[in-house]
Amino acid sequence: MTSSLQSEKMQANEDSVILNELDAGSIFSKHKPHISVRNLNVYLTKNHILKNVNLDIPDKAITCIIGPSGCGKTTLLKTFNRLLQNSMDVRIDGDVLVDGENIHGKGVEVENIRKKMGLLSQRPCPLPMSIFDNVAYGPRIHGIRRKKTLKIMVEKYLGEAGLWDEVKDRLKSPATSLSIGQQQRLCLARGLAVKPEIILGDEATSALDPISSKKIEELFLKLKDQYSIVLVTHTLRQAKRIADYVVFMYLGEVIEAGHASEFFNHPKEKLTKEYLDGYFS
Amino acid sequence: MIAATLAIVVSLFLIFVAVVRRGLPAMSWDMVSKIPGGGFYIGKEGGLLNAIVGSLYIVIGSITLGLCFSLPIVLYINLYLPEKSRLAQFTRLSFDVLFGIPSIVYGAFGFTIMVYLGLRSSLLAGILTVTMLIIPILIRSIDEVVRRVPKEMKDAALSLGATRSEIIKVILRQVAPGIITAVLLAVGRGIGDAASVLFTAGYTDGIPTSLSQPLATLPLAIFFQLSSPIAEVQDRAYAAALILTFIVLILSLAGRYYSRKYSKNKI
Amino acid sequence: MDRIKYNKYRQFKEFAIRNMMLVLTIISLTFAVIIGISLYYKSVPILDQQSLWSLLSGRSWKPLKGEFGFFPFIMGTLWVTLIAIIISLPLCLLSGIYLSEFAHPYIKKMVYPMIDVLAGIPPVVYGVWGILAVVPFISDKLAPHFVEYSTGYSVLAGGIVLAIMIIPLMISVFIEIFGALPGGLREASLSLGATQWQTVKKVVVRKSFSGLAAAVVLAISRAFGETIAVLMVCGNVAEVPKSVFDPAYPLPALIANNYGEMMSVPMYDAALMLSALLLFVIILAFNAISRLVLIRIERNFAL
């Protein structure tokens, strides 16, 4: 990478910050954009899934992506950590910049991109191994072998996910023996253990009972000081409860994005208003 | 319709009854613990130890070798190739087709290769031929279970920054019971097949001590000894048939036990 | 620094494993081609000497005189296969329909493992059963009603043994095909007032006809190539059988029986390899066609 290119990108970033400040309110004065999406188009086979998406995701805040099902929320999320390329016949145009680096650029190691982002999927998906090994899986991959270090890390991240006290006596038992809510928190701990900067949640609470999902929400609120959190959510109420920044998508387009209070109280677009009022969902 | 189903079930029992009724009187401790004395075709002494051990050698060797081929292939088409990749589909199709190729063709092919390389019929040649025979079975049934590994699980491991080769371990752990089923299935086919080893493994009274020696197997023990005019030798064949049936029955039940969840591609 | 080095190592490992697997896959795909080529290469000498057609239609098999007529063997194979299909197809169709449409789950749970066991029994054991039960039955009970004398080692014995052997294959594919039919189809027919049997006849069987045909082709190719069991009960006389009580000599049995002597007689090994090649090509084609049909069915119905 030449330095001129780098500086060009930085320039672009700063431009976008300015643009957004004019546009969407004040959040980017406090939070620099962590992920920036520029002119993103995604085609699955022949379907145009994402249409010219331009977006900035603020740093160290909770961003909720809302919209009716099938509007491309999950696809957008999966482009962030390049999991989309695993499926068939995908074409991606445009840039996704994470910390100013284009993740689709040449010579970018996809593993490093993914390491920066922890993913929480819709249904918790523990790996077929013990609770301890689930959390230690990431660190082990990234070259940490010492037992002692691993033990410390497992305790720390299970603690952060609020699971340590519940499982400390049975770290060796298989992860599938946990309840589904516990499994989701285990997945969170597993994701945190690779020291990500961003947490992606794909309707992470939709499969959980109310109490478990409340716990997860509380965790997100606690973690947002250290991580940028991007959540795709199916419930408006959840977005209202925890979002700092909201992105509304409809049929593959970003209709409106803005600061949560602004967004919910004074939506600019007609479509947004109708969605918030429950005309469609 | 019920009658047709009944007929199939009854024929299974008829086979068992026939094999057991003739094989049981011929069974004895000597049968499984001694090698035949005085030649397998005419000698009246001894038992089947050579064939039992030989079959074990062949099966162990070919399963090991077969897994070395089939696991990487299955993992490659499921892990690296996109869902609807032409190459993956073509690979699946060609192993489906190879699965249907009769063992005598594998035997003949193994034999030509053997002659070409100047090998004698031997344990090695037998193992290689049986390996060719069971690779399609292993690939088909392992593919069946690997394909069902949820995408979310792969994504979960990948999103932690693992490379694809690093998530192999996760996948293998997830499908371990399926692999065991596949191996049991392949063992059953490999241990019972005569036509493939007919040309390539040879036949002998002894137990091989190296890869280049010929050896006996259970199906060949049945096949050869049955055509002997001497009653004692024929007894050995029937005893071998009983042992083989018993082994296959055990394998089939064990496979059932392991594969309650995965019940396709068994035949 | 260390971190970068470690990442380099991981990338390299990934690269190495990926390409090793790719190479293995490609090699394995050339497998069928290699088999075909080497068998062809081995049978060239005899093809140079006589035309394929004269070999296939020749009735005389006298290797010592250099006469290699495959006709009796081809007829033997066809006869045995035909009988096996005639016996097993109705059995499989009826019980396949019964098991997938009518049977109580409890009965399925009982019968499926049995079919599995039947599939797992080695050919040589079927052969033993043939010798112990089928052959005496034919020579003592059945044949005397029709012909003057039969040893029992006959086309019919081979056909019966083979029929039992291909039943598990055929029936399991049948059940799979019936299972792949969308359930709505049946409900639609039933809701129009058709009885269950009418539904089966008019909807289930008709809709899955191509799949059933593919399954039968699959079973035929299995029967074609079956060696040991047939060899043990067929009598192995190199003449075209005139009735089902006559002995026959199918192609695979020819290969299996003669490998010992073939080195000393000129052209003998080429003739045997040619028959292996024939088997290989026919079965390859049969299998490929029926698998393609089955794949298409699976894709069409899997919604």
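By letter and in written order, the chains are A, B and C; residue numbering begins at 1 in each of them.
Operating definition for what follows: a contact is a pair of C-beta atoms (placed from the backbone, for glycine too) under 8 Å apart; a residue touches a chain by one contact, two chains touch by 3 or more.
Model, not experiment: these values are computed from the prediction.
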{"item": "Distance-to-centre winner among chains (Cα means, whole assembly as reference)", "value": "B"}
{"item": "Most heavily contacting chain pair (counted by C-beta pairs in contact)", "value": "B-C"}
{"item": "Chain separated most widely from chain A, comparing mean CA positions", "value": "C"}
{"item": "Distance between the centres, which are taken as Cα means, of chain C and chain B, whole angstrom", "value": "17"}
{"item": "For chain A paired with chain C, centre-to-centre distance based on mean C-alpha positions, whole Å", "value": "54"}
{"item": "Chain A and chain B, separation of their C-alpha mean positions in angstrom", "value": "48"}
{"item": "Numbers and ranges of chain A residues touching at least 2 other chains", "value": "111-112, 142"}
{"item": "Set of chain C residues in contact with two or more other chains", "value": "10-11"}
{"item": "Set of chain B residues in contact with two or more other chains", "value": "163, 166"}
{"item": "Residue numbers on chain A that touch chain B, as the complex places them", "value": "81, 83, 86-89, 111-112, 114-115, 117-119, 121-123, 125, 127-129, 137-138, 141-142, 187, 190-191, 194, 200"}
{"item": "In the complex with chain A, residue positions of chain B that touch it", "value": "82-85, 150-163, 166, 170, 173-174"}
{"item": "Parts of chain B lying in touch with chain C, wherever the complex brings them together", "value": "1-5, 7-9, 11-12, 14-15, 18-19, 22, 69, 72-73, 75-77, 80, 87, 89-91, 93-109, 111-113, 116, 132, 135, 163-166, 168, 185, 188-189, 191-195, 198-199, 219, 222-223, 226, 237-238, 241, 244-245, 248-249, 251-253, 255-256, 263-264, 266-267"}
{"item": "Chain C residues within the chain A interface of the complex", "value": "3, 6-7, 10-11"}
{"item": "Chain B-touching residues of chain C, taken from the complex the two chains share", "value": "10-11, 13-14, 17-18, 20-22, 24-25, 28-29, 31-32, 35, 38-39, 42, 90-95, 97-99, 102-103, 111-129, 131-133, 164, 167-169, 171-172, 176, 218, 221-222, 224-228, 232, 252, 255-256, 259, 272-273, 276, 279-280, 283-284, 286-288, 291-292, 295"}
